[in-house]
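The following pair of complexes shares a single chain, chain A, combined with chain B in the former and chain C in the latter.
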Partner chain A sequence: MAEPVKYISVVIVGCGRLGSQLAGQLSADGYNVVIVDQHEKAFKLLPSKFSGFCITGDATEQLVMQSANLENADCLMAMTQKDTLNLMVALVARVIFSVPHVIARVYDPQYEDLFSSYQIETISPTKLSSQAFLQKIQEYIDI
Partner chain B sequence: MNRHAQYRSFLCSRYRNILCYTALICSLIGLLIALPVLLLLFFPDEWGLGRVFLLTGTSVFFGSLLIRLMFKPDLDNALGFDEGAVIVVLSWTVAIIAGSVPFVASGLNWTQAVFETTSGWTTTGLSVVDVASVSPLILFFRSLMQLAGGAGLAILMLSALTGPAGVSLTTAEGRQDQLVPNVRQSTRLVVSLYFSYVLVGILALKLAGMSWFDAINHSFCALSTGGFSTQPESIGNWNAFHVELVMMVLMLLGTTNFLVSYALWKGKFRLALRNAETHLLGIVALLSVAALFWSTTTQLYAGLSQQFRAALFQSISALSTTGYTTSDLRNWDDSSWLVIIFLMLIGGGVGSTAGGIKQFRICVLIKGISWNIKRFFLPAGSINQPVIWVGENRKVLTDEHFRHIGLHVFLYITIWLLGSYALTLYGHSFAQSFFEYASTIGTVGLSVGVTSIHASNSQLWVQILGMVLGRLEFWVVFLGFLKLGRDFPVLTGATGKS
Partner chain C sequence: MAEPVKYISVVIVGCGRLGSQLAGQLSADGYNVVIVDQHEKAFKLLPSKFSGFCITGDATEQLVMQSANLENADCLMAMTQKDTLNLMVALVARVIFSVPHVIARVYDPQYEDLFSSYQIETISPTKLSSQAFLQKIQEYIDI
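Take a look at the complex of A and B:
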């Protein structure tokens, strides 16, 4: 458990299965974590090692993101279910709040070009899992 | 049978974690107990008592270090709230028992020693020690316990060492409000704010005319809203307005929510002023000073400034749950006692070092009452939730808040009434008992003569219970003991139930 030298602050949008797990791990590793979700109930998914702040509200509203202290954040992760919402949140973070690192989850691989044209890094679960499946098949064939 | 064994091994692994963190806190307690030895540099003839501090402190320190080394913590599994409660209950028990040893060595009996120690860690300030004749090592140790207990043992441990991730421990000790979204950085900020206040306080008190020793002790105990003094007449010993002024500022800082303190520190004065607690503090302080001035101090003192000073100091001391006095409260009349009881019941800010019901809870209940009335005049389907400002955050109040706070206040009042009833059984008057138990459960420390060296042992135990419940806010104590009671038979294998 290496302690980060400077306290790096991360804002996570969307407290689903992935967002909550990630928030818990980052928190345990010593990052400053703020997690935003529209529904208060979503925060029940957070593991007990999470020690950051929870903000209830619509992440597309600038006031909500201001209260998450996004202008001072080092990184934003957009992890909602909707690609378009992730794009919107990531763009606002990049352009208006000028967050240095913006990462978005994108289900539909088609959108990835759109994201990268705005210098937003993407992680696509669809692509990752298809690669993993292909690799498994490859292993069977090799055997 | 198999399932039972599985559950047992699961519990064992959880309790290894619990023991490990308890041991970490206990090693801190050991260091704190050994710390007064440094005073031997200035008071070399106190070696006899210094040896007791050294022996107790080092044996607690190395004992807990041994336990810590025996059980490796499992860092991946964070603690739950109930496990935090067990750690808090265990470590407070160790703190109280180990802290009593030096008092026993200085001539108190065990009950009195446990009472004094509990009064120290819980930042109450009720005392059965004769401060005029006792060793300076004991005086310093009392102040040190209040300093540590005010910040919270879990907060001190988390800020100093690597501890569990997550907030279960700090929440269990009643220090859940965080300044920044990271528990470790938050505890470090709280501790550095706290200690810088303490340092400023020491310097200011020295400038105001105290000796270094008095300044250190009073700064410790004012900021932790503890209220132990080194003088029998408490702050009345100096009878100087500038000393009282510094003390009042320190007590107010101690009773301010650290979130508000942090907002002030960052220069956000408007945010601090918007806090509901700040409003309540202002209004209540104003009303009580007026009431005390009008009904009591004009009769007791000659000059106008003297009358005003006494009313102001006593109001701040009671509301901040510190418990310093500038005059003997036994001479004050019934109406002033009642005002002070109100102040002690309200208490300080949530997330501060103070006790009492806490101003935040009172604010929420007041909002709830006005909201309840307003709802009748709104259309049936309208959505309207009250909001309240805490630190820099706007909080929407839900039914869950009201339920929690309503239950808490109900428990608080019930235990206060029961405790006061118990005190009347020891031959104290109606007014004295209510006053003294409000002071006990609110961890205030103002006394009208019920707590003294002549008090019976069983009465002191009633008060010890009140102080612990008041400081740890009931649930943690209940939960911690219940969990221990349920898990202990399984761990020792005494039961066959799965």
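Take a look at the complex of A and C:
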């Protein structure tokens, strides 16, 4: 495990299974974490040791993201379950708040080019899983 | 890309985004693929070049899996969006049909131990994505 990096601030939008797990891990690793979700009950998914901030609100509203201190964030992670919402949140972070590192979760492969045309990095759970399954079956053949 | 492996038969349960993508890829690589889903319209997600078989039916019913020729399959992939359904399908494949290689997609980490206690390999999209995001942020720090 790397040394704690207390000076790195991360804003995560979407407190689903992935968002909450990542927020917990980053918080445990010493990052300053703010997590935003429009449903307060979503924060129940966070591990009890989570020491960051939770903001309830619509992440497409600039005021909400200001209260998440996005202008001082080093990284924004858009990880709701909606590709179009992730795109909007990521674009606002990139263009209006000038966040240096923006990453979005993307489900539908057809959106990937759109994200990359705005210099937004993407992570595709479908693609990662597909690769993992293909790797497994390749291992079976090699046995 | 490896040589086509026409003698390898794979049964995939669940024709969602991941299942359909994987079925298309395996089919293109020369595998014999059968894909099972309870909703016929799910097969619309398959790429047009998919050359395998589609079976509409409930994968927990033995007759359905017999018609998918599961007893002669080399590998079963349980990739519906329900962990409990994946567990049931994987167990039936392992115990009743003696399929040599069984892999399941698992969402909720609490199920992983249960799967592994039955020697069923698992792939977790949440865990894979979480690792990918953590790796990205680590790269940013190193820059």
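Note that in this section the second predicted complex is superposed on the first by the 137 of 143 C-alpha atoms of A that agree within 3 Å, B and C clash if a C-alpha of one lies under 4 Å from a C-alpha of the other, contacts with A are read in each partner's own complex, and residues count from 1 in each chain.
Following the convention adopted for this analysis, a contact is a pair of C-beta atoms (placed from the backbone, for glycine too) under 8 Å apart; a residue touches a chain by one contact, two chains touch by 3 or more.
Note that the structure is predicted; figures quoted are calculated from it, not measured.
Colleague: In the overlaid three-chain picture, which partner chain does A:9 touch, first (chain B) or second (chain C), both, or neither?
Modeller: first
Colleague: Scan A:63 for contacts with chain B and chain C and give back first, second, both or neither.
Modeller: It touches nothing on chain B or chain C.
Colleague: If you stack the two complexes on chain A, which partner ends up touching A:22: first (chain B), second (chain C), both, or neither?
Modeller: second
Colleague: Is A:32 contacted by the first partner chain B, the second partner chain C, both or neither?
Modeller: Only chain B; A:32 stays clear of chain C.
Colleague: May I ask you to decide whether A:51 touches chain B, chain C, both, or neither, giving the answer as first, second, both or neither?
Modeller: first
Colleague: Looking at chain A, does chain C or chain B touch more of its residues?
Modeller: Looking at chain A, the partner in contact with more of its residues is C.
Colleague: Taking the superposition as given, does A:130 touch the first partner, chain B, the second, chain C, both, or neither?
Modeller: In the superposition, A:130 contacts chain C only.
Colleague: Considering only the touch criterion stated at the top, classify A:75 as touching first (chain B), second (chain C), both, or neither.
Modeller: The second partner, chain C, only.
Colleague: Just to be sure I follow: which residues of chain A are touched by chain B in one complex and then by chain C in the other one?
Modeller: 31
Colleague: Where on chain A is chain B touching in the complex?
Modeller: 1, 3, 7, 9, 24, 27-28, 30-34, 47-53, 56, 67
Colleague: Quick one: which bits of chain B touch chain A in the complex? Just the residue numbers, please.
Modeller: 75, 78-81, 162, 164-168, 178, 180-186, 393-394, 396
Colleague: Provide the residue numbers of chain C that touch chain A in the complex, in ascending order.
Modeller: On the chain C side, the touching residues are 2, 5, 8, 10, 17-18, 21-22, 25-26, 31, 74-75, 77, 79, 100-101, 103, 105, 107-108, 121, 123, 125-126, 128-130, 132-134, 136-138, 140-141.
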